Amino acid sequence: MPRLADLLLLLVMLTSFVVLGTTRLSTCIRAVAFQGLLLGMLPLALYPNGELHTWGLAVGTMAVKAVILPRFLSWAIREAAVRREVEPRVGYALSLLLGVVAVAAAFAISTGLPLPERTREMLVPAALATVIIGLFVLITRSKALVQVVGYLMLENGVYLFGLTHVERVPFLVEAGVLLDVFVGVFIMGIVVFHINREFDSLDSARLTELTDR
Amino acid sequence: MSRSALVGLALLLGVAPLLSGIAARTKARLTGRRGAPLLQLYWDLARLRRKGVVYSRTTTWVFRLAPIVLVATAALAACLVPLDGRRALVSFSGDFVAFAYLLALGRFFLVLAALDTGSSFEGMGASREVTVAAFAEPALFLAFIALVLATGSLSLGGALGAPLTQAWPTAVPALAMVTASLFLVLLAEGSRVPVDDPATHLELTMIHEVMVLDHSGPDFALILYGGALKLALFGALLVGAVVPRAGLAPGLGLAVLVLGLLGVAVLVGIVESVTARLRLSRVPQFLTAASALAALAVILLLVR
Amino acid sequence: MILLALIAVPALAAVGAYAHRAAEWRAPWLVLGALLHVVLVALAWGSSTGRVFGGWLALDALGLIVLSTVSLLFAVVASYAVGYLRRESPRGGRAFVSCLLAFLAAASLVALSHHFVLLWVGLEATTLAVAPLIFHRHDRRSLEAVWKYLVLSSVGIALALLGVFFLATAQAGAPAGRPLVLADLLRDAARLHPAWLKAAFIFLLVGFGTKMGLAPMHTWKPDAYGEAPGLVGGLMAGALTSCAFLAVARSTQVAVAAGIGPFIQPLLVAFGLLSLVVAAAFLIGQTDLKRLLAYSSVEHMGLSALGLGLGAAGTYGAVLHMINNAFVKGLLFLAVGNVLLHPEAGRPPTLSGVLSRAPVSGLLLLIGLFAVTGSPPFGTFLSEFAILSAAFQGGHYWIAATVLALLAVIFVGLAARILDVVHGPSPRSGEKARESPWLIAGPLLLALAVLVLGVFIPRALFEALSAAARALGGRAP
């Protein structure tokens, strides 16, 4: 069912746009959780004659990216009692426009790169677009928690590209990747929690004590 | 010139004032009120028709001309849309540009009239209206471009006509995004929540209403009617994009159009009752999202 | 067996140190883990180790060199930590010791992995193991440092993963090979898709280069090194960068084998030169000792990248330089840590006259200064010389000239501050600091090691270095 896969990929890109356009922290987290859910469904849609491997990947991805990490981030928001706005350095409208540019660039790049035949048409551009938008969020949002969301999107994009190799690269590898993302974001979350307690704000723009004098 | 297209135009002109009534009723029902009669806008129009007109001494002919231009341009634009789902009354290559700029012309005159009053109040409304329009226009054009790409037809009559029936099965995601984008544009162009609030009477939050505050009597009736017609027009675009009716009998096609318009009105009512009006500074963001959707659809159709 | 044990022993020790709550057992766990690791590495030198998991884990010359460097440096740091934990016990030291050992396990994984994803997992694990070590003081400054470190290196590592996937795509033309296994990549090098391989190398270089601290991705370095305790700084500047260097070297290895050397070498040279320029610019006038060392680390990583990029004898120099850099940075960070551990010697901004207060630490700083700037009797001189001569022999005279000029500037910048700290007037007359032997033995050993490397390179090491240089498309001088 390649059509279903394309639809899922499209939704993945749209959720990226939700993160770019939303003003609320909680929407950001919900969007990235939804993206994780979509990512979990993708292996099943791409490789429908589901072997155990595919199912394991799907379940693992959903558990980590759609449930555990978003829950943890929401916990951090609640516990740290942060302000619920995103407070970007680049305006929302401009972010959305640049997001469109990113998608266009991703499609342009991936039509230029010679792909192995087996790869689905939309997978590579969607992956590149998600990577670029994730990086963009990471750079232009000053709130630490949103930066974590951006990082998650970046990882999601990398994961999407990794899906082109599900058949060739063994399961252990993907498990390792998932685990790394999990632990990475977990540690980031804990640091975020401390940042808030120390600075009374999650704004990483306030982290300016360390400079070259 | 086909008869069904003419009948379609007549239907659109007749049904237009009903839509805002339905939207208001839906909203009332959802919020637990009984609401105004469905035909309220017809009564209002009739009442205004009977009243006299007051013109401020500062106004000129522009002020008097504007309401007529508004209705005339909207009606002309309606001729470009294939209302029966087969062909439009007037159709030529690139007529979607004409469609957009006919509506823009009507708005332009309305804005001039607002400035003509010399009141800073109307001027503020006009500037807001233009801001919204400026952000809505790219979204509309991108949606049109997507339709053109999907159908390969350079006119609205074609793009919303027979070729669309073949385009839908091959490009579901892109056309769905176009539809969503068109709906957002409809909310903005029709001055509905979350962009504008037709029910508000708080000066600071009004956009469209404040701009036409000085019009009275039959002039105001024309403006109300023009606004309703514009909403109906965008509704017809939306129905045309979602339900390709080229295969249906002309009568059935028109029935679907009317039903579709009523459906759009209900949808608008639902949106109005579940969302709050956006802060003015967030409106560009909202419309950029509409543009982004349409642009994504264009990209998808380009790489197909 | 040895290969698995090299990873498992420190990992188990990390778990043990965490599970064992008794405070007096922390240091023994650490030293035990470190010593066992050194013994295992020595065994690995002596015997052929074979491969595990279908070629995923293996030990070649390059890996062995990195592994030994990391292991020796870690042993020294562990012995230093015995003294350190007596003086300052960051939050009980339980997580501290555990993270140190976890770092050793992750670094061993990096050195042993011959599979690119495994390599990536290992590097990410080193990143995560080090983060709590920087953050051990739980104050604002360390918080800021650890945040910058985490964000930048996580982004770097994510881009590197994308590079790894690109590499897998490039390999699609050689479906017989096991995906991403180094041996098979090298065997099928000619059939790798060049465009994807180039894209892969760029991402790998940027990603792993971030961990190495190449400019312009170096910005986390001064903050993280500045806030981490001395021994953690030494470990990061010595061992972590060596692991990252290995990752870049592995990417280079594949690229050179596939014949895209002319494409990647200018990239490496450019990153190397830029790092030297940035280091020189920021070293001048820097007052904070640890930040000074951080920029020096940027410089040395730049030199290593330069060596890789110049090819020929440059690769030999690059690998040798990595060893030297690890030992010298360990020495300097431990010495600076010593100085800062003695409140009698004054606080950082006014730090001065260390030689009269804490003579041994002062002396170590002085030795470190000459070693780090590549002065003759030390190993760094040899490796920098090898890199420079590669530039001359390759006809890149302007590169050589630029590097020489920048090295001179860096020498002045480092010497100005360190000589000031060591020799300057003492702000307060007072009692001499008591320098614990635990805190001195390690750095002295490192100083000795750098000196030995400058005078005499053992035959086994020379052969390993030559083999590594050949693997990287170069040769021994």
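A, B and C label the chains in the order they appear, each numbered from 1.
Going forward, contacts are C-beta pairs under 8 Å (C-beta built on N, C-alpha and C of every residue); 3 or more make two chains touch, one makes a residue touch a chain.
These numbers come from a predicted model, not from an experiment.
Asks: Over the chains that touch one another, what is the least number of steps taking subunit B to subunit C?
Replies: Contact-graph shortest path, subunit B to subunit C, evaluates to 2.
Asks: Among all chains, whose Cα centre is located farthest from the one for subunit A?
Replies: B
Asks: What pair of chains is linked by the largest number of C-beta pairs in contact?
Replies: Summing C-beta contacts for every pairing gives the maximum at A-C.
Asks: Please find which chain has its CA centre nearest to the centre of all protein CA atoms in view.
Replies: It is chain A that sits nearest the middle.
Asks: Using mean CA coordinates as chain centres, what's the gap between subunit B and subunit C in Å?
Replies: So the centroids are 65 Å from each other.
Asks: Rounded to the nearest whole Å, what is the centre-to-centre distance of subunit A and subunit B, using the mean of the C-alpha atoms as each centre?
Replies: A distance of 37 Å separates the two centres.
Asks: Round to the nearest whole Å and give the separation of the Cα centres of subunit A and subunit C.
Replies: The separation of the two C-alpha centroids amounts to 31 Å.
Asks: State the interface residues of subunit C toward subunit A in the complex, per the touch definition above.
Replies: Checking each residue of subunit C against subunit A gives 117-118, 121, 124-125, 127-128, 131-132, 135, 138-141, 143-148, 150-151, 154-155, 158, 161-162, 165-166, 168-169, 172-173, 179-180, 193, 195-196, 199, 222-223, 226-227, 282, 286-288, 291.
Asks: Taking the touch rule as given, give the residues of subunit A at its contact with subunit B in the complex, in rising order.
Replies: 3, 6-7, 10, 13-14, 17, 21, 23, 91-93, 96-97, 99-100, 103-104, 107, 111, 121, 125
Asks: Once bound in the complex, which stretches of subunit B touch subunit A?
Replies: So the residues of subunit B touching subunit A come out as 135, 172-173, 177, 282, 284-285, 288-289, 291-293, 295-296, 299-300, 302-303.
Asks: Could you please specify the touching residues of subunit A with respect to subunit C in the complex?
Replies: Those in contact with subunit C are residues 113-116, 131, 135, 138, 144, 147, 151, 154-155, 157-158, 161-162, 164-165, 168-169, 173, 176-177, 180, 183-184, 187-188, 191, 194-195, 198-199, 204, 207-210, 212-213.
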